[in-house]
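Take a look at the structures listed below.
In what follows, chain A forms one complex with chain B and a second complex with chain C.
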Partner chain A sequence: MGKFEIKIEKAGAAFTVQVIGVIDEDVDFNSYSLAGATSLELNLEAVKSINSCGIREWIKWIGTAGTAQVTYLLCPKIIVDQINMVQGFLPANGKVKSFFVPYYCDESGEEKNILFTHGKEYTDSTVTPPAAVKDDSGNEMEMDVVEAKYFKFIKK
Partner chain B sequence: MKILSQGSELLKGIPKEILDLAPTTPLIDIKDISTAKSPATSIFVASELEPLQIVEHILDQSISSVLQMNKKYFLEDLKMLARLKQDSEGYFKNYAGHLFPDTAEKIILEFGHANEKEQLRAKILEFAQKTKSQSVVESTQAIFEELYMNAILDAPKEALKRNQKMNHYDQGVKATFCLVRSDLQLAISCSDPYGSLDCQKFLKRLREIYQKGAGQVINLKKEGGAGIGCSLMWENSASIILGVIPNKKTVVTCVIPLGLSNRQRAEVKKSLHLVEL
Partner chain C sequence: MAGLHTQILIFEDDSTLGLALKKAFEKEGFVAYLTSNLSEAKAILDKNPIGTLVVDCLLPEISGVEFVESIRGKYPVGVLDVILMSGILGDPAFIKESLRTVSGKHFLKKPFELSKLISLVEKPVAPGGAAEVLLNPRMALYHMFGQKKMTAREKRKAIEALDEIYGFDLPFIYSLIVESQISGNLNLIAQKGDVFGIYFSGGNITGVDIPDKETYLGKLLVERGFLHPEDLIAATQDKSNRRFGEKLTSGFMVSPHAIDIALTLQMSVRLSRTIVDQKVSVNLVSADVELTNPHIDADTFAEFLHDWIVAKISIQWLRAQYIQWMEFSLVKTPTFRDNHPALRAPVVQALPNFVKDIGSGLTLSQLIDSQKYAEEPFYKAIHYLLTRGLLVFAKSERKMSSLDRMKHFNKIYRQFTDLNKIEIFDLINQMVAGGQGTPDFVLAEFNRFIGQPPSAEEKELSVLHQQLSNLAQNSIEFAKSGNREKLKEDMAKSEIEQKMQASQHMEEAKNHLQKSSFKLGLELLQKVQKVDPKTQKLRIYMSWAKLGLMGASPKPSVISEVEMELMQVAPEDKIDPIFSFVMGLLSKAKGDFSGAQKLFQKAMSLEPNLIVARREMTVLAGMAKTNTNQDVFSRDLGEVFSSLFKRSK
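Let's turn to the complex of A and B:
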């Protein structure tokens, strides 16, 4: 497998897309047409990194979906960072269905990524984190983000 | 370094042996910037500046160094800057190794072709993984991506535009990554043999991004870079050092503080330094 792969499944005009690997200056989205989609669901869990050229190509590619309803799910932190930093990375009519939030335990130094799902840990305007997150030894972990920054896309 | 700000809380208690590392370099509280006699060669110290304010200070007042106080790292940062100011040429020879000579580990990787990228990535990530912090690994990767593209794609194009007569990568010259790691920081430098970095242009671009937002200023044309890499590098590090010998060499270094959680690292105040020979 190369460093980048896209898998598209089409059920009529509903496209489900899985994006895998590194999105950089070598990426070529031209082979993955989004024409005809009325809904576009992108699973981003397996994205390993994205650079500035990759961000540009992503914005252009997602733009070809036109008025399709766009949903991002299982967004890793590197994607959430771009959603917050680069207006247009999530299209204006786009939604985030789920994303990962880093947690950290001071005592053990353990890091974990906890999935926040729309309708459960957050809504369109509020964030309700899980009651308790524990590391593998049972120590309590803390949300390891600057909340005002990380949840910026939710509280717009 | 010579402390020129009297009564500054920020500059209290700096050990003499650190000041003596660069005995003629003025060290000034940014509140006293209007009284600085040689702003271009001074180190200005601040504590509450946002990135946009730092860029504006450097552009508007022709200063070359803004160091922000982060308690745990301040003395190490001062030592680093003293080495940079006292022996700038050393920075262009030994990159991050010059800034942080007392480090646990160092790697040097030369490259000159686009097909070396994945090998480079693997070695750099292996180095970063020794910090045992996934967020540090991600930041290192993000910085690597932008430095790599600048060295292998943007710098040669700029040199061509300037009709620079020199050897290019396809004639055997190399760019270099240098990474160093101690308990306190991981620094990643990239050196290219073109010297086409325009610091003013870089800073003006940064200013635009912080004023309007990356999404508003991103270059969506196919030609050239996207123009937001500078902010991606700085967002993933605490300090950036931009060094250039025009038409000869560019060395850019990003410093990532260690021993912090992701949230603590995001709250670290940023610094920026220029050196041009």
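Let's turn to the complex of A and C:
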């Protein structure tokens, strides 16, 4: 397996896409046509890294989805950052179904990614984090992002 | 997790108590908003980065607890601290239940001491302060200048927290990533939305994704003397699909090593182009990045860093940036050692006794007031050494006298000279809020920064304090008014007109210089400097005019002035035949004829029709013929070529 892979499952005009690996200048999205999709669900959990060339290619590619209803799910932090900062990374009609929030414990140095799901930990305009997140030793963990920056896309 | 705790919303229908609370918070340096109206409270929360909500439990339209419940999803714990207060509802069960319901921090039973409430809210901090409250991520980044030790994780998190920054912040950010050996991609998003990127691998820069026509490989190879211009033309006519570098190496036109050197230079110049006086958003994606060749290693990076700081960062920006640190001493870090290569950097070397003075416990203000150093190289040397992590700021025990305060106020006041209200607001914003504060926040921070008004006996000081306060107040009121956009439009128009005027003067000056009319040329260039000092390559042409005007008898003061000018030429402007030509003139003025000849030849290889360079070559050839007793072209280059232009090894 190379450093990048896309798996597309089509059920009529509903496409389910899994994106795996590193999105950079070596990725050729032309091989993965989105033509004919009316709904597009992208699982991004396994995206390891993205660079500036990858961002530009992604915007071009996802733009070819046209009017399809685009949903991103299981977005790691690197994807959330791009959604927040780069116009067009998530299409205007796109939605985030779930994303990970990094937590950190000063005491143990442990890091954890907690999944926030639409309708549970957040809605289209609100965020309700879990009351407490604990590390493996039971220590309380803190959210390891700047909330005003990280949750910006929710208010978009 | 630190948040923006310096802005406070007081939601209270008792206007007497509300006003007293507002005033008490403002006195402590907070930005405080007061309302008794539900929709207004929501609007204030929406529009401002409120960190603490102080809310009465019994309000006319809604209970305090219900209100917090209704907004909690949008402003979770960590973003918004909540302090409940009540005079009537105060039994322990109610307090416990309401605090649990709203995830509140404290409950105060009325009446209470104002100081008690203030003590429950985290205070805003000054640079170098030990408190954990961070004003904004950009300011937090520069708090590192006041911290002797930070872990690699803390540095990475500080970079990851950044959003919008200035292009002038980038040298420090690049330096932190290299020094902390972080691997990943730093994505840059320009104001127009274009995305660029820099790739880092364990302390090295492996790639720069910034399109730039001026730094094509072929041009750089010619500029460095690795490729003959005719070979470049031949290679460009090769229509095969091979990469350009392959065409050159397979045709034995250049060695692969030369290509690596040119590609490294290309990365450096492209990085230099990112260091601009504009806002840019950054995002660090930590990831494994393969170490590829060529790359910029830490030592080479340090040399480029020096050039970027010296040539690209404006003195105005540095003055504003460092105003907050004026009463701090400069302290050497464990990284500092007397033979550290950074201390041999041209800008440090250009300041005699500088290294000795910076470790003597003097504050930044005292060092500036000593007037031992030219201002611009001084700030740049300080910025370079702080960025390299050789120095940090430490709190000074020194108490400011009235005279010190006077000098301090004057330093601030001078920066506002010739600026309009918008420019003053932007400058104050940069000074006290990292350029990212709302008008009210900026005003509160500025008032805190200049401190309490002096006593009536200190008349002169009081007047200056009042003037500063009024200036800030006026500019901030203007920033909040609708006139701001109109003035911005007018400024943009006037800037275009100034640029056109400068460009016209520049072209006329160039013509004069070609004809050896150096006096007229210099006069025009001085006009350009006044109208648009950012004009590209201005320093190169100024140097040409000054050297030309000096004539055949070298004057050390002119030579050192020109050396300082040329040291501040941006790396991207150095890939220019005129730069090589002017460097040749400088070498000639210093008696290094062999070096001069090489530089004139280099200028001609970049621009074969450069008549002025050809003319100088003829002059040098004539001198060589007449001077039969001494082989002028075999003098020791190292002896004559100033250390200013020599990179530290």
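Assume the second predicted complex is superposed on the first by the 156 of 156 C-alpha atoms of A that agree within 3 Å, B and C clash if a C-alpha of one lies under 4 Å from a C-alpha of the other, contacts with A are read in each partner's own complex, and residues count from 1 in each chain.
By our rule, a residue touches a chain if its C-beta (ideal position, glycine included) is under 8 Å from a C-beta of that chain, and two chains touch if they have at least 3 such contacts.
Quick caveat: nothing in here was measured; it's all calculated off a predicted structure.
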{"item": "Fit or clash - chain C, chain B, common chain A", "value": "clash"}
{"item": "Chain B versus chain C as contact partner of A:K60, first or second or both or neither", "value": "first"}
{"item": "Partner chain(s) touched by A:T126 [first = chain B, second = chain C, both, neither]", "value": "second"}
{"item": "Touched partner set for A:D106, first chain B, second chain C, both or neither", "value": "first"}
{"item": "First (chain B), second (chain C), both or neither touched by A:E45", "value": "neither"}
{"item": "Partner chain in contact with A:D135 - chain B first, chain C second, else both or neither", "value": "neither"}
{"item": "Chain B versus chain C as contact partner of A:Q87, first or second or both or neither", "value": "both"}
{"item": "Partner chain(s) touched by A:A148 [first = chain B, second = chain C, both, neither]", "value": "second"}
{"item": "Residues of chain A at both interfaces, chain B in one complex, chain C in the other", "value": "25, 49, 51-53, 55-56, 78, 81, 85-88, 142-146, 149"}
{"item": "Residue ranges of chain C touching chain A (in the complex, touch as defined)", "value": "1, 3-4, 49, 72-74, 76-79, 103, 137, 157, 161, 163, 184-185, 187-189, 193, 195-197, 199, 209, 281, 283, 285, 287-289"}
{"item": "Contact set on chain A toward chain B in their complex", "value": "3, 24-25, 49, 51-53, 55-56, 59-60, 77-78, 81, 85-89, 102, 104, 106, 109, 111, 142-146, 149"}
{"item": "Chain B residues within the chain A interface of the complex", "value": "118, 132-135, 138, 141-142, 145-146, 149, 153, 213-216, 218-220, 225-229, 231-232, 235, 261-263, 266-267"}
{"item": "In the complex with chain C, residue positions of chain A that touch it", "value": "22, 25, 48-53, 55-56, 78, 81-82, 85-88, 122-123, 125-129, 131, 142-149, 155"}
